[in-house]
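I have a structure here, written as structure tokens, and I will follow up with some questions on it.
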Amino acid sequence: MKIGRVIGNIVATRKDERLVGQKLLIVRVMVPDDRGELKPLEGSEGTVVTVDLVGAGFGETVIFCTGSTARNSVGSGQAPIDGAIVGIVDTVDTY
Amino acid sequence: MKIGRVIGNIVATRKDERLVGQKLLIVRVMVPDDRGELKPLEGSEGTVVTVDLVGAGFGETVIFCTGSTARNSVGSGQAPIDGAIVGIVDTVDTY
Amino acid sequence: MKIGRVIGNIVATRKDERLVGQKLLIVRVMVPDDRGELKPLEGSEGTVVTVDLVGAGFGETVIFCTGSTARNSVGSGQAPIDGAIVGIVDTVDTY
Amino acid sequence: MKIGRVIGNIVATRKDERLVGQKLLIVRVMVPDDRGELKPLEGSEGTVVTVDLVGAGFGETVIFCTGSTARNSVGSGQAPIDGAIVGIVDTVDTY
Amino acid sequence: MKIGRVIGNIVATRKDERLVGQKLLIVRVMVPDDRGELKPLEGSEGTVVTVDLVGAGFGETVIFCTGSTARNSVGSGQAPIDGAIVGIVDTVDTY
């Protein structure tokens, strides 16, 4: 999984029917710096679109998974989904 | 999923027979900047070739999935496809 | 899928027996620039080794898939293959 | 697999129920330099969140896997997990 | 698949029991430059840990696969493995 922050949402009225009813959230990947503070990740893997499984709100820090794991996490595993928020982070402790 | 923009299409007469009849669109990955405006992604993951499941047109902003999720999204899931457009974006709201 | 160009081939006499008889082609990932011309991709994902499903020749522009989709594309889907050329590009049109 | 170092942990009380009871560790990807010393990897793939299968402690050097392999490694393979620590490194020998 | 060079090995006495008996080799990803000479790949995907299916030795040039394809290549496909060496390269010919 990766750590991310919910930075927005997407409205898409025309979409694959298996996505109807899914909340689509934009997540910015976050990485802890040397002091453990989360910083947004720059570059190619920096932003993903996810389905929310846990009721995440804007600005919250989350953990999300991708690929077939995300697809399998939602309902019967048949929807065209490859990103899913699976937890809301309370604290990140680094050493 | 990722956000992208349809920037072109591919004509390929010689191809695996399981791709016959599929519209192949080139999608540039887009990422929201700090003000929420979508910018094209530079670098290694910046351009993908996708099959279109939702009738996307040139220049439209879309969401697409990749990997086994894309393959499973199309027909019986047996075609050699690892990119699929699954929605057309109306609005991207960032915070 | 990605766009690529066949830049070479690999000879490997010692290999997993499930690869025997497969033509192994080296593909350089290509991305269209702002004017639609294909440029070689620099960096970490720039070169892959693929199995050829469509009779591609050296220097040809192709589309290829990766991961489990590539594996499933070849024969019974059991060979240790994670890259496969699935089409030969006639034209790339960008807008 | 990749080499990593355990740099912290995550507390998440609200999460997918299939993650309950799993220890979530933050792993920094490490790569050997020319002299074989492990250095933290900068950039987009530099930090992952993993489930620990082998009792790893903070600061330990580990090997971990990702994607569907990680998911399949844990219990019945149904949890939304795409990173898993599968070994603790005693020595890395480079040549 | 990718081209790589075996640069070392890993000793891990504490590991998932499904990895017992597997030789764990460190592979540096190699990419051909404009003249066809193999150069080590810098950056995020530059080093992977693999299981060796073909008896590769230190310093040898190999082809390896990753992800679920690597897992499926080894025994019953149930071990937590996402990198596998599947061939030893005799020659790389580029054009």
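The chains carry the letters A, B, C, D and E, assigned in the order they are written, with residues numbered from 1 in each.
In the analysis below, a contact is a pair of C-beta atoms (placed from the backbone, for glycine too) under 8 Å apart; a residue touches a chain by one contact, two chains touch by 3 or more.
These numbers come from a predicted model, not from an experiment.
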Shortest walk length in steps over touching chains, chain C through to chain D: 2
Other chains in touch with both chain B and chain C: none
Intercentroid distance (Cα basis), chain C paired with chain A, Å: 30
Between chain C and chain E, centroid-to-centroid distance (C-alpha), Å: 19
For chain E, residues that touch 2 or more chains besides their own: 43-46, 67-68, 70
Going from chain D towards chain E, every chain in order around the ring: D, E, C, B, A
Residue numbers on chain E that touch chain D, as the complex places them: 7-16, 18-19, 24, 26, 43-50, 58-59, 67-68, 70-71, 78, 80-83
Touching residues on chain A, where the partner in the complex is chain D: 1-3, 29, 31-32, 36, 41-46, 53-55, 63, 65-70, 72-73, 84, 86-95
